[in-house]
Amino acid sequence: MIQMSLVQIDNYGPWTVDPAPKREADIQILQSSFYADVQHQFSSRDGLAFATRFDNILAISNGIDKDAHRRIQQSLQARYPFTLSIGVGTGRTALEAQEEATRHIHQAGSAQSSRTAVVEGTFLDSGRVDIGHFDIDDATGTITDVLSAYDAYLAVKRAYLILAQGLRELGATAFFVGGDNIIAPVNGVDRKDICALLTRLKEHEDVPLKVGFGTGSNAHEADLAAKHELEHIRSLNGAARDAASCRHQV
Amino acid sequence: MIQMSLVQIDNYGPWTVDPAPKREADIQILQSSFYADVQHQFSSRDGLAFATRFDNILAISNGIDKDAHRRIQQSLQARYPFTLSIGVGTGRTALEAQEEATRHIHQAGSAQSSRTAVVEGTFLDSGRVDIGHFDIDDATGTITDVLSAYDAYLAVKRAYLILAQGLRELGATAFFVGGDNIIAPVNGVDRKDICALLTRLKEHEDVPLKVGFGTGSNAHEADLAAKHELEHIRSLNGAARDAASCRHQV
Amino acid sequence: MIQMSLVQIDNYGPWTVDPAPKREADIQILQSSFYADVQHQFSSRDGLAFATRFDNILAISNGIDKDAHRRIQQSLQARYPFTLSIGVGTGRTALEAQEEATRHIHQAGSAQSSRTAVVEGTFLDSGRVDIGHFDIDDATGTITDVLSAYDAYLAVKRAYLILAQGLRELGATAFFVGGDNIIAPVNGVDRKDICALLTRLKEHEDVPLKVGFGTGSNAHEADLAAKHELEHIRSLNGAARDAASCRHQV
Amino acid sequence: MIQMSLVQIDNYGPWTVDPAPKREADIQILQSSFYADVQHQFSSRDGLAFATRFDNILAISNGIDKDAHRRIQQSLQARYPFTLSIGVGTGRTALEAQEEATRHIHQAGSAQSSRTAVVEGTFLDSGRVDIGHFDIDDATGTITDVLSAYDAYLAVKRAYLILAQGLRELGATAFFVGGDNIIAPVNGVDRKDICALLTRLKEHEDVPLKVGFGTGSNAHEADLAAKHELEHIRSLNGAARDAASCRHQV
């Protein structure tokens, strides 16, 4: 079972244009500082937050109880010119968990309403986190050093979206985390199905991905294990790499 | 003519796994702090930076000369555990400008090489910036308050990618800036073509976007003007809105 | 018993002038970001850090064990262009605790040496924190709104230094935390002695301070209780305030 | 002539305890982030800000006009849960300049009032900045590596206060900037008087300081020149150092 939290800024859209549209650069600095702050709060408790839309942030939060969420909410709110709400849900898959987290937020009111500073949710006593950490094969050699920066960006974003849409059908969520890296909480999903997906993406979409898997009692442990496996795969060469890599296990 | 800058962290990939994979949360805080810092540097000089892949950041930099770029580079480098390089280019379109910016970086060496702290480029004496500031029609009512947070994220990312791919064929770049907002430097692109693209996206992809346009001698002025136009469109209702909005001008 | 941690940047002085003196503004942004980051790390574990000299930061760390300190060290190190060491000590008073914390650092090597990334110390299984939270009586009316900003700053710094020197003789440390506020871990010190000190400072130094006391199993709880008591004193008027305030209890 | 700016948070004291005292760690992170942000704003325009009391920040602002100050004010305000006001003054000495800056703030209303977002001041068309950059002789060998961290902190703070009080009589302000470094805008002050002061402080207060001087059209240039001179003095040994150093020029 995985636990996920949705951090949503209250009434953010109207704030960005009240009384007149704010400078975009100020909004960008605010949003990225806010995400860094949210990440600080969750990661010091072994969770892991994903920026997604910046005014909506999703986090894997196994091991973080309601009191801690209330405190995260208060600590953030004390430093920003807006309030925020947090919904928490649990599920067999990350998809289910974040659906429940969202439901708690929806029930408390619209994103553009007088809803203020709600913390509601369902929490796990224990549980575990399964993570797949993906990257693009030789992204430096085939994308970063070859394409223009913008085309490289679009290529990575396209790869992300295709992977995310494929994983979603399996019940997994996936988050772009910079460079050519994608982190997917894959609780409740058969790894063989993920490997089969990677094979399809390579053959039909020309998107060559590899993945390391990791498991732990929290997001930090699971992702670190996944990254170590991914490093191991990178360290192999030729046939050994192909044999080890998920791409060809199927 | 538009001027664009590419900020690329030197040898970043290897750093993230040396001597072992670093905690993902630390990397995320680092990346978002770095982007906020880059934005501070460009925006105090009326530029505007876009996070893109976080290890590669693109900025509209009209009015920022080589000395200022060198100083931005030094100031950032003094605060981070890595060096960074900046390439600058100019063009009739944003696509051309960032291609030239990338070329300067590519010529200086691979993203994973011993290249260190390069600042190279071509600079404009004057010039202007044309911006289209897009958002999704009633995103709160049709996406944020209705879908799960993850599906809302995917819906917005899909809308972004489809718009970006369409604009790219016209010579424009587009950047997701959070929420349901997309900023596109549209120098050298006919606005009628953009409106026609929006009509197509609505009819064939079910992606209902609207856009405000703005022009200025730098990114800040252009985007602020575009946001004011977008606010004006939002303030209209019914038929007046349809008449004003780009969606139906074609 | 109180536990205190000393965070010291390794070989910082030489770094600030290598290969040439860095821009002071860059150093200032780096130092204040570093302190905010250290505070994030300790406070999410209910500790409390004080900026002091910025390259040396002291924190009350009851309840934070060696593993957590190692992780704080690693997390900070991953985001800065220098390494850092942490020494931890315990004592009947804060003075003793920080002396032991410093001893661990001194034994590991000079502040300007090849010492790198040391985490050494003595840790408490349990313990408690006693805090006195001080401010200057009517600082707004007598200092901020009356003196020039610089003279107000000197007046507050002088008040701080006199209080700190007086408390030091009692075994307490004191930290300026902005505005006209001073936080002192006062474990092992008789409150009557502190009140007598305040009386002396008012009569002989013209420094009128008041204080709220608080106790808890960690720094956060203790300081919050102290601030509530200070607020209670502020809320009283005239004779009731004089009777409640430490200044006149002796 | 020097220009100085006073940034004062509006009605900050009441905010920190409304509706109840906020967590001190949250306040500390907020204050140090705010100072870093203010420094970003001034330094990208070649000014230099000093943290002082954190709710009151003084900056050397030669070359930064009223429009830029208004924009600094708006940019900061957009990212914090409070408003702020800025007063700007000019003078033959830094002391006079900040007095005038404070006067503009005082005239606009109390620090704890309904005053909101005021930007008022007097501005220089040109001007110059004279800086003395001080440090303590062999602070590592005599303080940091020898005393406990807290006693080292008090020793440095005492040295700062004594120097600041001495400089104030000469018309100069001085700001502690971390480690054992002090930056003093010394416009209009005879350097011989400063050297005589250093001799007195060494002989009568056992505070051994050295200083490098620099001059420029803005704070950045002046301080960098001062730091280079200070580095030059550090690089000398024995008699050459004594001859070069301000301590013995008198």
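Chains: A, B, C and D, in written order; residue numbering restarts at 1 for each.
Operating definition for what follows: a residue touches a chain if its C-beta (ideal position, glycine included) is under 8 Å from a C-beta of that chain, and two chains touch if they have at least 3 such contacts.
Just so it is clear, the model here is predicted, and its values are computed rather than measured.
Each of A-C and C-D has its own count of C-beta contacts, and the greater count is at C-D.
Using CA-based centroids throughout, the chain positioned farthest away from chain B is C.
Per-chain Cα centroids separate chain A from chain C by 37 Å.
Put simply, the C-alpha centre of chain C and that of chain D have 21 angstrom between them.
Within chain D, contacts with two or more other chains are made by residues 23, 25-27, 29, 33, 40, 43, 75. By the touch criterion given at the top, residues 6, 8, 12-13, 16-17, 20-21, 23-29, 31-33, 35-36, 39-40, 42-43, 48-49, 51-56, 58, 94-95, 98-99, 101-102, 105-106, 110-112, 140, 144-145, 147-150, 152-154, 156-158, 160-161, 164-165, 168, 173, 177-180, 183, 220, 223-224, 227-228, 230-231 of chain D touch chain C in their complex.
On the side of chain C, the complex with chain A involves touching residues 40-41, 44-45, 75.
The part of chain A that touches chain D in the complex is made up of residues 22-23, 25-27, 29-30, 33, 74-75, 78-81.
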